[in-house]
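Two complexes, one shared chain (chain A), two partners (chain B, chain C).
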Partner chain A sequence: MLKRWLPLLLPCTLLLLLCGCWNRVEMNEIGIVSATAVDWIDDKWVVSYQLVIPQAISSQSGSSPRGEAPVNVFSSEGSSMRKAIGDASKEMSRKLYFSHNQIVVVSESAARKGISTILEIYMRNADARETVSMFITKGRAREMLEQLLPIEKIPGNAIQRLIENEAKTNSLYPDMTIYRVLLDLLGPEQATGIPELMIAGSRQPLNSMEALKRTSNQAKIRLGDLAIISGDQLKGWLSQTEAAGLVWLSDNVNQMTLSFDCLGSAQEENTSAARVVHASVTRKPELLPDGRVKMRIEVKAKGTLLEYACSDKKIAPTMLQKMEWQIAEEIKGEMEQSWKALQRLKTDIVGFGTTVYRHNPKRWKAMHEEWNENLDDVVLDVKVKFSLSRVGFSDRNFKEVQESL
Partner chain B sequence: MTKSNQLSTYQLSIMIMLFLVGNTPLVQVALPAQQDSWLAYLLGAAVSGLFLWMLLALQRRFPDADLPELFRQLFGRWLGLALALPQGLLFAYEASRNIRDFSDMTVMTILNQTPEWSIKLIIISLSLYAIWGGVQHYFRLAELLFPIILFSYLFLIILIFQAGLPDYNRLQPVLGNGIRPVLQAVFPNVMAFPFGQMTVMLLFWKYVQPRERLSKTTFGAYSAIAVFIVFMNALILSVLGPVLTNYSTTPFLETVQLIRLADFLERLDILVTLLLVIGLFLKLSLLFLASVLIVSSLLKLPFRVCAVILAPIIYGVCFLEPSSSIHLWIGSTIVIRYVIPAHMLLLALAFLVGLWRTRKSQGQADI
Partner chain C sequence: MFFFGKGKRRTNPFAQDKQSSQEAAFSPSLKTNLDAIKRLLRGSSDLTIRPLRSPLAPDVVMTVVYVTKLIDEATLNEHVLRPLMTSPIEAEERSDPLVRLIGERVIEVGSAAIARSPQSSASKLLDGYCLLLIQEAACGLLVDISARESRAVSEPSAETVVRGPQISFNESIHTNINLLRHIIRSPNLHVEELEVGSETRTRLALLYLNGVAATETVDTVRGRIQAIEIASVLESGYIEALIQDKGYTPFPTMMNTERPDAIAGGLLEGQIAIIVDGSPFVLLAPVTLFQLFQSPEDYYNRFDISTFLRLIRFVSFLISMTLPALYIAVTTFHQEMLPTTLLITLAAQREGIPFPGLVEALLMELTFEVLREAGVRMPRAIGPAISIVGALVLGQAAVEAGIVSAGMVIIVSFTAICNFVIPQLNVAIAARLIRFSFMLLAGVFGLMGIIAGVLAVMIHLVRLESFGVPYMSPLAPFHWAGLKDTLIRAPLQKLIGREPRNVFTRNRKS
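For the complex of A and B:
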């Protein structure tokens, strides 16, 4: 009995080994995308991809002795974005693979048209992940993908690391992943800020390996202004100085370096510097009798002195107090400046509306429709307390020591 | 009763936990409650706990009976058959819905090129194989898979916290829209799913030894898993916020996709898929087993014959819905809103009849 069935059973068991082959994806059949860019040109979506060339970045061939570029950039266009991505097969020998996509750069024209299409794609499709960092650029988004970054091999990864590093050590801009953009735009205020990616310096792009052979480059990629998105459209820009207070207002401070004035010396501005190592912000909305909202913001920050350019004598407790006050004033000034800028643009990207909603959901229902319009009516009440816990390894200004000899 | 068909209290509690957790992270039933949906789950678990107490009281009155036997004793032979058989078919239908969920999810996440008929065929065959050995064999399978599920959930929860994703302010304002939306979510949605599905245990309680600890074990496992479900719900809400949680069809998957730790602990969605696959499989096989037990006992057919007859029917039924959206729509607007609550009502009625019968027989004994 068994002998008769064995010849039939054996091949069937062997078939089991083929199970994994049905849905196989071979490494050399896919093109790994490390960054995407979205442009809106002539009423069409133009999607650009930065494709990693595995041979050029593999460690075996060193840092590519043949001088091959590590990535290749190309675009495809269509009336819907996913159609444009589908059309990429017309010019690409490999299937595009988006799971390792790190950043998405949106051009100003596309952002003015609306980023809801991009967000929609990220929510609907499993291969597009919400941890991708988003940027807006003033020129063509595709140009950002063409730039090479010194030191790093894959520009897409490098740019994401750039914003992560910035958010962690200087906290001017947060790393706006698709997830955070979604949370903000679906939040009570329906507004968010997304950092700008720009090419600084001359317009001589870094798009060939030749450019990386020099020790300094004429142009480089850097973070620029902050794009303010309201609803799903670009509403305006904040300069870096205008945006400086936003981290405090929105309670997103990690670490940052601040510069401040010497007391009483008006000739040189912001010549000393301190580093914020820890900060806590409490935000409390308060309803005023006339129906307006007053935002009470209390900042408590701790830091160390990094640079001291004032010609005072040895640092004494009274002086420390003055210095702390000076820094606190600096922070307060930044916050007020940023808040004015937001009032000008009529967009609340710091989440004041959310705090009102959480404290008083009933009142919020009545005012949420016109919240962004009536931003001028919100009264800001800022209290900042800064304490210098350390002054570093020296307690005097160098010049002062020199003169005292 | 043969010894080989006994279940220990440990096996029972594991089965209850895995059955309830099953596809719960996949299905959202507390949408109207927004950021209070975790409260809705808490309340739903409490309300269904009452229902569970009723079921257990019924079981205590007829300790050796399972569901079809119970209905025969309560309603007589023919009415009992007429009331019990639809329940068997309902379990079979729910099993087939779970197969559909299973294949929809695997096609969306990991096996996007594999035809659905093959996935469904493999699942129903595996399920048939799993219940082939009978009740005790199947419960042992759950025992075997329990550690995998437990540690995967623990691992994911630790990572979600490590990645700094939860923000408890997102759960505020608590009861911001009043209690009404929460009650709307509880009745009948959360009450029916997942907690109302405990009815299936009526088929298995009679095998549990020792009998005295049956209620205690059931309630213990039920409360533990209810707390876990409430916790997971609050955790997901605190990461995604109420709006994004509702926007996403699979919030749990969405949450885990956000984990990025130390540049290498990311893209863990495969672990979620695995968890849901195991959870769904255990759930649908138990429902399948329950329906086979009911049908075989009512129609006096051998267990395995019934299983072989029901498997192709279940397989066929999951092709009836033309698309996954219609499948989800039927699930949320018909099955959870009407079918399961109706089933619960029927059993509540059985409880009342049982109560009345015992009263009457006690009264007669007194005379």
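For the complex of A and C:
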């Protein structure tokens, strides 16, 4: 039997060798990119890469000397982005590996030029993941990649976790992955908001391991304003206070902590705090006879009292209702403030257009061209209902207890 | 020691003489008969011929012939020679032939029979019988006084259980049948004795439960055994190789075990056991793949524990086949599948490793196979030395020297341990062989190659049959009731009283 099969089997085995192991690449032949940055400098794309140095990160000591920086940042430039990435091989001994890229930081100049180039790459290529989180920065994007973060080993990874954590526990900014950016920009409004990444504190950069040896750092990477993109270009910025109501308007609330005034507000403002644990937002567009659109937004939220700094004798049930109203007013105020800011920038990043489109596709067809321009005409009708489900273990504030003794 | 000549081509002493002398019967002449026996046994020096005269017939010369080393001297003296020489029987019953008289009234041994020809007597002499020849009588008397050297029944060494009988078969076919008869005390247990091997004339017993085992399977097994032409059979492995279904497969289509309870369980389910003299490993056929993953202990433990353990075994089997291949595929083709942190940890380990992943894995796997073989083959006394060299020098030092990565050592060790979980050694070996081809496929095509390999193995398994029983049953062909005792082990109440499980008992072709 062997004699019959051998002449057949042998060429088949040799054929296997012919394919040259297809697209095999060993792990020590790839340069793992954890973050990329895109700058637009002198009419050229400058792409920067944050390359992970595995030996410096792995706990396995031995081959690597201690204190080596865990990442290395370098850039390459070109008239197109993919060409720039291709040219990276001129200065890199390893094949750049983008599948584990976590964030992409775009500089303001590049964002004003237009992010369509970046999105085009992500839509086209298999090695570029759409789960990458996107950020805009006001300075040079490359600088963001050079910063180290305390505790975390891979900065790119850490920044993504930062935005995920923020989106989950405070929901001020959503985690804008490329996928979501694509969804927004290809949606009816063609607008989106992308968080800003900035270096706070002194501009003394955190770009060496020496800087991490101290217990506190002068500079720190943090989330800043919200960049508003319309079409594919940067339209403007919303400050954090202006952006605060966006989560409510766009129905993206997970959990968040709110501060609110005391009743009568004779004292200093926003001294008490409550945590929103559950919220539901219903958004209903209504076409008014004069052709304008009225957005009815109903918010129902539940929360717990975290901190109470008002000088009332005791939290009575009647006061609870007033407190709830106070918080609801606070939310309402935030929403209106944000809405005004959006109207100023003439960009609908909260998805009102989508609701109109779903409500009445025909009318939307007629108005969608002018939608962002005519945002001023949209009437906002906000109703907020907040209920406190718990006030905690104490029914008055500490100072009151002390004085009542 | 091992010769596998085809039996019929070699000279069979008894067969040849039979042909030349045309079924020669004993002649009335004692001398002729003795000469015939001597000639048949080639004048072997351990053939003893003891002439004697008995008070039964003082004037007749009798001779007791036996092969010295095969008989029990005490039995010969006490129960054959002494009664013959001191028999009180008077000569008034001389009307009966003397041979029959001695056989019926003198010899005090269980088995005594008239022998008609020197040929049959000579072969019996080699089985430990003694032959009584009487002058003027054209027949002899064969008395079984055989003595066998055999090991005492001991604990099973290859298949241990925590709970359950701690007894195993030994090399004697008599002991083994004895052990089984003690477990199944039913008259339905049928024992068929056969003989295989023209030189070794190995005793072989076919056991099955009448009314439970499918008759045509029994006929198939018997037919295949009878068709064997071989000079020697030294272990049940010979029989397994010669009667298993045709076509190459790395998977065993018969099960072997040294545990009487496992064989008894098989017999009760309608399987057929083949005991080969000289081997403590008894064969069981037909089998399905799933049965090879069962340990007798599954039925002695609580069902939930047994189910858990069975699932562990199946998972281990899969791991032992595919884990190194998966590791190679994922780390050299599909790095994007790994979580970032894991990728970086693995990449850090791979820094400075000179070989590609496939070579590294093959190197470690081969090293381990060598270690394992050394562990089996070496004398017991050097055991600790091998484990120190194996564990410390090869494992730790290789990693520290940067020749293989720590991850690979973990993968290889875990694979090896998983392999040990499989109760049947020959399935474990099949998994080891397949693992290597999977590794090559993974090194060449990545996950694509593994999928192709797994598909090939699946197709092969589904096509396999063991004595007419589909190897993958009751999964393919699907048989719902059989699943209660396949991947899981249902509570005993659910298992008893159901229609006979399976596959083994059903008469298929009728």
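The rule we apply is simple: the second predicted complex is superposed on the first by the 381 of 405 C-alpha atoms of A that agree within 3 Å, B and C clash if a C-alpha of one lies under 4 Å from a C-alpha of the other, contacts with A are read in each partner's own complex, and residues count from 1 in each chain.
Basically, a contact is a pair of C-beta atoms (placed from the backbone, for glycine too) under 8 Å apart; a residue touches a chain by one contact, two chains touch by 3 or more.
This one's a predicted model, so the numbers in the text were calculated from it and none came from an experiment.
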By residue count, which of the two partners contacts chain A more extensively, chain B or chain C? C
With the two structures laid over each other on chain A, which partner does A:26 touch: chain B (first), chain C (second), both, or neither? second
Of the partners chain B and chain C, which touch A:229 in the superposed model: first, second, both, neither? neither
Between chain B (first) and chain C (second), which, if any, makes contact with A:99: first, second, both or neither? both
Both chain B and chain C contact which residues of chain A? 22-23, 99, 129
Looking at the complex, which residues from chain A come into contact with chain C? 1, 16-17, 19, 21-28, 30, 32, 34, 52, 54-55, 57-58, 60, 62-64, 97, 99-100, 102, 127, 129, 154, 157
Complex interface listing, chain B residues touching chain A: 108-114, 118, 169, 172-173, 176-177, 240-241, 243-244, 247-248, 254, 257-258, 260, 266-267, 269
Of all residues in chain A, those that touch chain B in their complex: 22-23, 99, 123, 126, 129-131, 179, 182-183, 186-187, 357-361
Touching chain A in the complex, chain C uses residues 248, 331-333, 335-336, 340-341, 343-353, 356-357, 400, 402, 406, 440, 443-446
